[in-house]
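Each structure below appears as structure tokens.
Shared chain: chain A. Partners: chain B in the first complex, chain C in the second.
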Partner chain A sequence: MQQSVTARGPIGARARHSRSPAIWLLLPTLVSMVGLVVYPLARGFYTSLTTSFFLSNQAVFAGFKNYAILLHNPVFWMVVWHGLVWTAGVVLGQLIFGFVGALILNQPIWGQAIFQSVTFIPWIMPGVAAGLLWSLMYDPTFGLVGNLQHFWGFSSIAYLSNVHTSMAAVVVAAIWKGTPFTILMMLAGLQTVDTAVTEAARIDGASWFKVIRHAVIPQVAPVVRTTALFITVWTFNYFDMIYVMTNGGPVNSTQIFPTYVYQLAFGQLDYGLGTAAGILSLVVVGIIAALFIFELARQGALD
Partner chain B sequence: MGAAAILKKGGQYLGIILLLAFFVTPLAWMVSTSFKSAAEIYTANGPFFPTHWTLKNYQVAFAAGLGRMFVNSTIVAVSTTVVSLLFAVLSSYAVSRLIFRGRRMILVSMILSQLIPLSVLIVPIYQIMARLNLLDQFPSLVIAYLTFSIPVAVWFLRSFFLSVSPEIEEAARVDGCSLFQAFMRVVIPLIVPGLAATGIYVFVTVWQELMFAITFLTTPAKYTLPAGVILFIGQHGTNYGAVMAAATVMSIPPSVLFLLMQKRLISGFASAGGIK
Partner chain C sequence: MIPRGIKISTGVLAAAGLPALLLASSASTLAASQPHHQVVLRVWDMNQANTPIGKEEHKYIAEFEKAHPGVTVKLTIIPYADYFHDLTVAVKAGKAPDIATVDEIWTPAFAASKAIVPLSSLMKRYHLNSANYFKPAWQTTLYHGQSYGIPWSFDVWEQLYWNKTMFAKAHIAGPPKTWPQMLADAKKLTHAPNQYGIAVIGDKGEDTVVVMDSLIYSNGGSIEKNGKVTFDSSKVKRALTFYKDLSKYAPPGAASATESTSIGLFSSGKVAMAFDGSWQQATLQSQAPHLNWGIAVPPAPTGKKFHGTLGGWNLVVFKQSKHYGLDMQYIKWMTKPNVEVKVASLIPANKKAGIEFVKKDRRQPSIILNTLNNGYPRPISPNYLTISTIQQNAMSEIWTGTPVGRAVAQAATEMKHQ
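Up next, the complex of A and B:
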């Protein structure tokens, strides 16, 4: 962190004079961040060490009791597993679909701008609206998914209320909602691809697939990595769609950290247990965070 | 055009059609269902488009308070956007333009704060708001939303500040402007498009926030759209028509704003994600 003092570029000349304005400019932001992130985090950690009784304001210090309760609860480990399945499924789906979509939309084609705009609406629309829409999509009698299955001669099932299909169903819905963002990021990445390299490969007789594999993918790899980290964090912490579609059910089959924490804290009104589960989810996020910072630093985005 | 070229163009259009079919069909179905009569919605294998268009679902949704929720969401989202832009424009300028000890640390902590799940922060922030007697009031939401809107705005704006050449500012300083004057008269006008894009992004994220809204608000007249639509309209069981009407209405403002600022939003994301 110390090297940031080093003067660099044309603004370096002014460095000596700019120390005092910086603190004043940063003050409102720093105060809000301390008040809204640092202090609540510390307070939350303390709460996770307490046991409170229903409808009473008395919280009693209990050490790591809440953590012990969670770690011995099979539901907690189910939530850990579901969180990984949900995140891996949604992120992989978005990356694969997003890359293919970006390749398709990257070609000059009539109506390109309109296609790009329309494709983006699922990402920009509220998660609540998307969740409600997909709840109806999956309705076994009146939903579009069932209708299509009947059309092709299959029988439909209630995907969201079946423990074997509920997770796959919410994952598909989340891929639908999130992929447009990946497409746009990858499009931005593809536009930076050096066409001289791809042309040279093509002239040398490389197949379309080989050009993509050896000339395009290496060039967009940094974009793919940052996008992957972005959507991994968003997906891991995403509350809205699962809350609306299944609320973690049936029988916890779609329970992930955000819905679990919410249910413990505001469903069972056990703040201590809820924040303890939240703090444990931070461990997972912490690993992702380390990768994130490492990647941004490597790309020089922090300089 | 040779056969290969025609095949390639054809394949490309086929790809686009499949892509659009996957993304647009559910959207089209949401809108078309919102215009269907109950009889048509509750028919197994019913038609995709309504045979008789009706506004009945919208009347039901608005009678259940959709208009009020729309106004509430607008108040909360606009307030949050204004406050976050005000704070972020100052700090983003500082971390983009000025060199000082701890700059890099501030940038890193801005990203780190974005990784903290809101589900971890919600209990302590709820308790703080309870103590301040702000629960069930809009300021509690606006303040809570700053946790994610400020850091995002700082990162977004940074890419726009970095795109303004420092020489322009230096020139203004040489001409006798103070740091503040140079900032207000030279830098700010140049990043107005960036401010608009950042503002729209903050507005859109706040517009759809659900978890804090259902926790902090208890009076139905104060519900924002996500909270109200879930707790109120959704509670009428399976009135799919009204629910789809509400989903359509709440999706319109973000979609329109996005279409207006598409290019700049993308460049904001691209540079926040390290794409140069």
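Up next, the complex of A and C:
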């Protein structure tokens, strides 16, 4: 008994002592979180509730007026739609090309390391540089795309000037830029695939497509899901390429949340409205992410 | 991809203000570390393209410091692309510099927000005379009858660049003088897809707005007059209809064509004519040394006179400065003709320096001086940036097939609601 009391005493004291350093160790993270995430968000939300212009020295509290203005503006709904189209297009494209690219680069081919390295160039290129590059490629007079069309006997199309083609043009450019990341993730996934399963499928007479469909994809599915979630959020919030290539035009046909927020806040100096649009974009991307996570949980992928 | 949008969308001011705050706080620390008698003058300037402004500026700053013992000038040069954003954030954060170069189109917004001080009385005290500057450049400093800046450098966005070889081959004697002549010449010079009559600028940017304004001004129209929106007038419709007609003889892609697209097409011999400012002469001389080109005053409607759109930079004093007198001495120093001719990013706004600069550095100086003296500023309004965005959208609509009348009516309605 005495022994046990004696034994409990030091342990209890150690536990009490150890709790306090744990709090101190957590404090820098907590302070960073509050300073870098909570405060800017709270401040941003407050700004969105004010009529805050560069031109007026005082930000006047206006309730949800900015939100009402946005929700009654057809351009805002156009931005929501474009944001969804842009995100869906880029994510789907990156997943498809990323998976195919990873399958190719996973083969024991000559110069595999060189091909892998070259493939990643678009991903490490700054978004502004990639945007300029693609703008030049799409140039109907000098660009590669226009020249190829001439070569094949077609008249060149100014893809970035046409409201019907501009979104597709920027989506293609963004797929090119982001696909290497997907390849990287998929390659990592493919390297964990149990070859015994794929070999067994082959021996059983499964075609190449069936091996991929029934033996490979189920094994890399967790990587695909995680990658899809990442690139969905990143793409929705991506700014550089569209800003450089079209600045949201023509006629708002490529206007997405980040370019819209920038235009309102720094183009028109309407900080209140710009921040309200930013908060709404956060809500939209939050809903997308929540749906994603909910679906993953439903499939048991988060267990 | 870098999730940059997150940064913008969450707490736009708080996030964007951070670098400016850090910059400003480090500047305060520096100032605090100076001896008590030392005054630090904080000056911001921007750098456009490859012009190495800072090098010359530092030279004259050193001379200024020598002539003003106890004064240290801290010059911060910011790339043009970031400059407006950094300035507005610094003003909002209460960390504006003492003096800065400000684009003429921003001056009314800074004046209306009371971020900068009126200089009229200070100018008298420091013997700075408005008559020494080109009148159109001077007009860009005025807001509600007060001068809020000293014009430093300026230019007109439009001279007509024309390819002499192409004109000769088409048996056209010289550059067009009227709009009907221009349409006829452009048609004659177009042999698509290898050669086009003209390059138009039509992207969603300020470079499009200045061309629109120039055509509107030359047709006797305006964007707004005495505070009243006039963008839906018949003169505006006629001007923009002319631009749309002209685009038939331009390479495809007007809605995304920028100023650099336009001069690129001209320098590569793809188009026979292009509108641009005199700063592009250096580009043509370096990139297309064998191109046989000239400049002309751009055409106007029959019986009317051409008016280009002005662009340029003013030196302003921020309200937060603690030493307006010293600020004015600095401005006076940097706007001396012999200094301005070396440090200005465009044509010096001081008449003496400007004329000397144009005669020495530019081809066909008389054409340039003609367009400079007849240039008009863009609307002098604190809401200019919104007006400009509306104009850009209107032009985009026109390129994509919306009838001109409907596009300008819609734009005018939006402008009236500002």
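Heads up, the rule we're going with is that the second predicted complex is superposed on the first by the 255 of 303 C-alpha atoms of A that agree within 3 Å, B and C clash if a C-alpha of one lies under 4 Å from a C-alpha of the other, contacts with A are read in each partner's own complex, and residues count from 1 in each chain.
The working rule: contacts are C-beta pairs under 8 Å (C-beta built on N, C-alpha and C of every residue); 3 or more make two chains touch, one makes a residue touch a chain.
Please read all numbers here as calculations on a predicted model, not as lab measurements.
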>> After the superposition on A, what does A:L41 contact: first (chain B), second (chain C), both or neither?
In response: both
> After superposition on the shared chain, which partner residues are touched by A:L269: those of chain B (first), chain C (second), both, or neither?
Replying inline: second
> Looking at chain A, does chain C or chain B touch more of its residues?
Replying inline: B
> Does the superposition put A:W176 against chain B (first), chain C (second), both, or neither?
Replying inline: first
>> Just checking: does A:S281 make contact with chain B only, chain C only, both, or neither of them? Give me first, second, both or neither.
In response: both
> Is A:I231 in contact with chain B, with chain C, with both, or with neither (first, second, both, neither)?
Replying inline: second
> Who does A:I124 touch here: chain B (first), chain C (second), both, or neither?
Replying inline: first
>> On the A-aligned overlay, A:P250 touches which partner chain: chain B = first, chain C = second, or both, or neither?
In response: second
>> Contact-wise, after the overlay, does A:L160 reach chain B, chain C, both or neither (first, second, both, neither)?
In response: second
> Taking the superposition as given, does A:D240 touch the first partner, chain B, the second, chain C, both, or neither?
Replying inline: both
>> Does any part of chain A touch chain B in one structure and chain C in the other, and if so which residues?
In response: 39-41, 43-44, 47, 127, 139, 141-142, 150, 181, 233, 236-237, 239-240, 257-258, 261-262, 265-266, 271, 274-275, 278-279, 281-282
>> Per the contact definition, I'd like the list of chain A residues that touch chain B in the complex.
In response: 1, 3-5, 7-12, 14-15, 18-19, 21-23, 25-26, 28-30, 32-33, 36-37, 39-41, 43-44, 47, 100-101, 104-105, 107, 109, 115-122, 124-130, 132-134, 136-137, 139, 141-142, 144, 146-147, 150-151, 176, 179-181, 184-185, 187-189, 192, 222-223, 226-227, 230, 233, 236-237, 239-240, 243-244, 257-258, 261-262, 265-266, 271, 274-275, 278-279, 281-282, 285-286, 288-289, 292-293, 295-296, 299-303
>> Which stretch or stretches of chain A touch chain C in the complex?
In response: 39-45, 47, 52, 54-57, 127, 135, 139-142, 150, 155-158, 160-163, 174, 177-178, 181, 231, 233-240, 246-252, 257-258, 261-263, 265-269, 271, 274-275, 277-279, 281-282
>> For a test of understanding, state which residues of chain B touch chain A in their complex under the given definition.
In response: 12-13, 15-16, 19-20, 22-27, 29-30, 33, 41-46, 48, 86-88, 90-91, 93-95, 97-125, 127-128, 143-144, 146-147, 150-151, 154, 166-167, 170, 179, 204, 207-208, 210-211, 215, 225-226, 229-230, 234, 238, 240, 243-244, 246-248, 250-251, 254-255, 258-259, 262, 266-267, 269-270, 273-276
> Mind pulling up the chain C residues that touch chain A in the complex?
Replying inline: 1-6, 8-16, 84-85, 88, 91-92, 109, 112-114, 193, 202-205, 251-257, 261, 264-265, 268, 270, 382-383, 385-386, 389, 392-393, 396-397, 399-400
